[in-house]
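Got a structure for you, questions after.
Chain nomenclature is as follows: A, B and C, assigned in order of appearance, with residue numbering initiated at 1 for each chain independently.
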Amino acid sequence: MEKNLKEIARLLNGSVSTADAEVKVKNLGNISNAVEGDLIFAVDGHIEEAARSKASAVLIPLEVKEFPLPSIRVNDPRAAFARLLETFAKPKLNIKVGISDRAYVGKGVELGRDVTIMPFAVVDDFARIGDGAIIYPHVYIGQHTTIGANTIIYSSVTVREYCEIGARCVIHSSAVIGADGFGFTTKDGVHTKVPQVGNVVVEDDVEIGAHVGIDRAAMGSTVIGHGTKIDNLVHIGHNCRIGANCLIVAQTGISGSTTVGDNVTFGGQVGTVGHITIGGNSVYAARSGIHKNMPEGFFGAGFPVQPHTEWLRMTASLKKVPELIKADRQSKET
Amino acid sequence: MEKNLKEIARLLNGSVSTADAEVKVKNLGNISNAVEGDLIFAVDGHIEEAARSKASAVLIPLEVKEFPLPSIRVNDPRAAFARLLETFAKPKLNIKVGISDRAYVGKGVELGRDVTIMPFAVVDDFARIGDGAIIYPHVYIGQHTTIGANTIIYSSVTVREYCEIGARCVIHSSAVIGADGFGFTTKDGVHTKVPQVGNVVVEDDVEIGAHVGIDRAAMGSTVIGHGTKIDNLVHIGHNCRIGANCLIVAQTGISGSTTVGDNVTFGGQVGTVGHITIGGNSVYAARSGIHKNMPEGFFGAGFPVQPHTEWLRMTASLKKVPELIKADRQSKET
Amino acid sequence: MEKNLKEIARLLNGSVSTADAEVKVKNLGNISNAVEGDLIFAVDGHIEEAARSKASAVLIPLEVKEFPLPSIRVNDPRAAFARLLETFAKPKLNIKVGISDRAYVGKGVELGRDVTIMPFAVVDDFARIGDGAIIYPHVYIGQHTTIGANTIIYSSVTVREYCEIGARCVIHSSAVIGADGFGFTTKDGVHTKVPQVGNVVVEDDVEIGAHVGIDRAAMGSTVIGHGTKIDNLVHIGHNCRIGANCLIVAQTGISGSTTVGDNVTFGGQVGTVGHITIGGNSVYAARSGIHKNMPEGFFGAGFPVQPHTEWLRMTASLKKVPELIKADRQSKET
């Protein structure tokens, strides 16, 4: 990049001292292994580590008073740094806007302006693709499915028939949206499929990780609320309703017909039973196993789930059980 | 749909009172949010809820005597409802029977009657596809692999070489059947691949979820018994033999060379070690961790697995350990 | 195959008695269900079982003195058997070396000698494919990505832009290398994507299972060390650095920015938090949950992780807690 701090401060709406204004940086770097020429960022708790680094300059919070290295003060160093990554560091890609003559576009398909459809993608009959959407190779968009404007769908994603994907979504490779939910009736030990006639609705600004499966509803819709971000290998069963602005970390599984409020974070490998309601503004630590309805504003952990502080106390105590049992046995013997 | 109850009762082989025969319904609905015009179903334990709903009519079990709303009595309301979903509610799809000129069909391939192969699917050399099978875009069928009659294989599924898939199976998008098992010999810390020369045999009427991986055997076959239904993101290691009519819920992992009897249900996120035998007619609750041979007819939970009732009792008791330890410490101090 | 033991001993650099030299075998078999005509192998602990089998001959370790069946003594029976599998038992595949006229190869792509690119694979602009590499249908190789010599990439794999894959790697179907890491900044409950501008580097001789996701680094590289083998459905977060010759069993999740030493084995369904260091030459049992930095040479289990022997002792003791609590209650009542 090779910029001086004055230029960068202007871009970020940040402030730089006159003494630092002409300091030059070449690369965006990382607090733990910064080298000369790097610009890094530091948030609270990491200010001293940044001060000891070899970086040439640091983005720091407005409220930091003294700082030994050249610096730019900004409102939110992490967000400012993300902006720089977008502007300077993103590897260049050559996206050919338009419909590849090796793609397959079915009958009755509606394509917005500036749509990109890459080789061997399939957009099946009566699908609608919004303005500026980018569809990578080997994507399958089912019949009557809608993709919102400026959504990016990476290679080998499937969105089955009659689903709706919002605007500005990002769907990573090999995600599957709208496969049949897991529904059977059982008689004399034989399982018969219940037709899954609903769909999946993914609202705007949702990101969906690689190998995520979101099943179509038995009837009605499985819904992912706007702004929710889903990590890799997550399972969301049929008829779930996930709120807005949730974070769902990798390998979590949400069983069918579960309703999740807004702003809920699930750590990795969380599991829930089906047919429950999980209140909004909550955090569940990794591996939580949620087996019942949960209130708003909960911080949970463990399986069966309990308040996080109780879980910490319990797991610490469990390590002492062997000696407790030994003592108990000895006291009986005496 | 717009049908009266007499017509529907005839279709379902159910009974309707003369008073209700002309009642009209428009949609299939759900007990929890039914509106006027909906036909819903109710099974035992939900009869009163259905009676209080706003549905226009309800499918109820034969043995219900009094019921305040228009109703049809049937042997199995859930199964009857599934039949109606299939008949009236399934979204229409335009499946073009035949081989797309954009598909790739290798040499020596045998195709049954009324086979559908969609654009960009690959059916490699010497594969055989049964009558009425439907193969979606981006499916790869390996060399010498057999697909049974009327099996549906959704987009981006892989079935590697020399595997056998039965009739009337459903394989959801991005499932991978027949990837190499995880087998290595280790010498001086270096791992050398053991060739995985076996295959996978999937019997008739099996359903396989999105992102399921079933590995080919080292030698011989990995087998999935007929009628077994597998949810999303399940792992089945090489040389496993899964019985008939099992239900394997999402994110479960069965390690290699494990034998599972018939009619076993694994809840979500279950794990097993390899080289064990798990008896039939059993249920393992979500998150069970099965580390040893298990008998027939077991209801298990927990990790290490134990009888479900003991697990419930144990997990309830563990929450009391912190106070037990505190009391113990105090008693020693006094 | 139909070979006599003399021929096989020569191939394996093993020794056979004169009496056994002309004994003929037809198939490679398995200790647990061997039939006449089978050649099987036996390692320590299984010698007697092999001696009682119906196999026609057995590969046994050099140090076994007496053995009742025809046998070949070799240094490492398991590895010798793997060699035979490779030579005699591997099902024949017809790989057409060269670039299918139905593949898509972008501009500026460099192809080595004897490369195979199958129908509907996409090798995007400026990618480089090493000598002898085999690329199956529906693979997507992103722009500026490098694939090493003799690497095999099975169907529907994605390797996104600017990644580097080493030589002699095997990548199984539907693996996704280089999807965006899960990185967001949050303000007022709204999550904004942090551009993931790094890449993934997979060193030589790595095997990657079906549905594995390895995310690209936020900056810099996510690295998989040489010789590491990864089973199905494993998640590796952005900026992880996995050492050489590790074994990572199915459904394990390694959170972002975690560093793992060489020769580490993770059993199935292990999870780790992010930003930790896990020392080399270690084994973590299935389901371990690793929440903190770990030393070299550790044998861990449980969640939170602890030494394996302590975990065994603890889990055994926990089953006794219900009766302990009952006794405690009774003692208080009296």
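One rule holds in what follows: a residue touches a chain if its C-beta (ideal position, glycine included) is under 8 Å from a C-beta of that chain, and two chains touch if they have at least 3 such contacts.
Quick caveat: nothing in here was measured; it's all calculated off a predicted structure.
The touch graph of these protein chains is complete, with an edge between every pair of chains.
Interface residue usage between chain B and chain C, two copies of one sequence, is largely distinct: under half of the residue numbers at the contact are used by both copies.
Note: centroid distance chain B to chain C, computed from Cα atoms, is 27 Å.
Listed for chain B are residues 120, 138, 156, 174, 211, 233, 251, 269, 318, 321, 324, each touching two or more other chains. Put simply, chain C touches chain A in their complex at residues 104, 120, 122, 125, 138, 140, 143-144, 156, 158, 160-162, 174, 176, 179-180, 182, 184-185, 187, 189-195, 197, 199, 211, 213, 215, 218-220, 233, 235, 237, 251, 253, 255, 269, 271, 273, 289, 303-304, 306, 310, 313-314, 316-318, 320-321, 324, 327. Residues of chain A touching chain C in their complex: 28-30, 76, 78-79, 81-82, 85-86, 89-91, 93-94, 102, 118-120, 136-138, 154-156, 170, 172-174, 207, 209-211, 227, 229, 231-233, 245, 247, 249-251, 262-263, 268-269, 286-287, 315, 318-319, 321-322, 324-325, 328.
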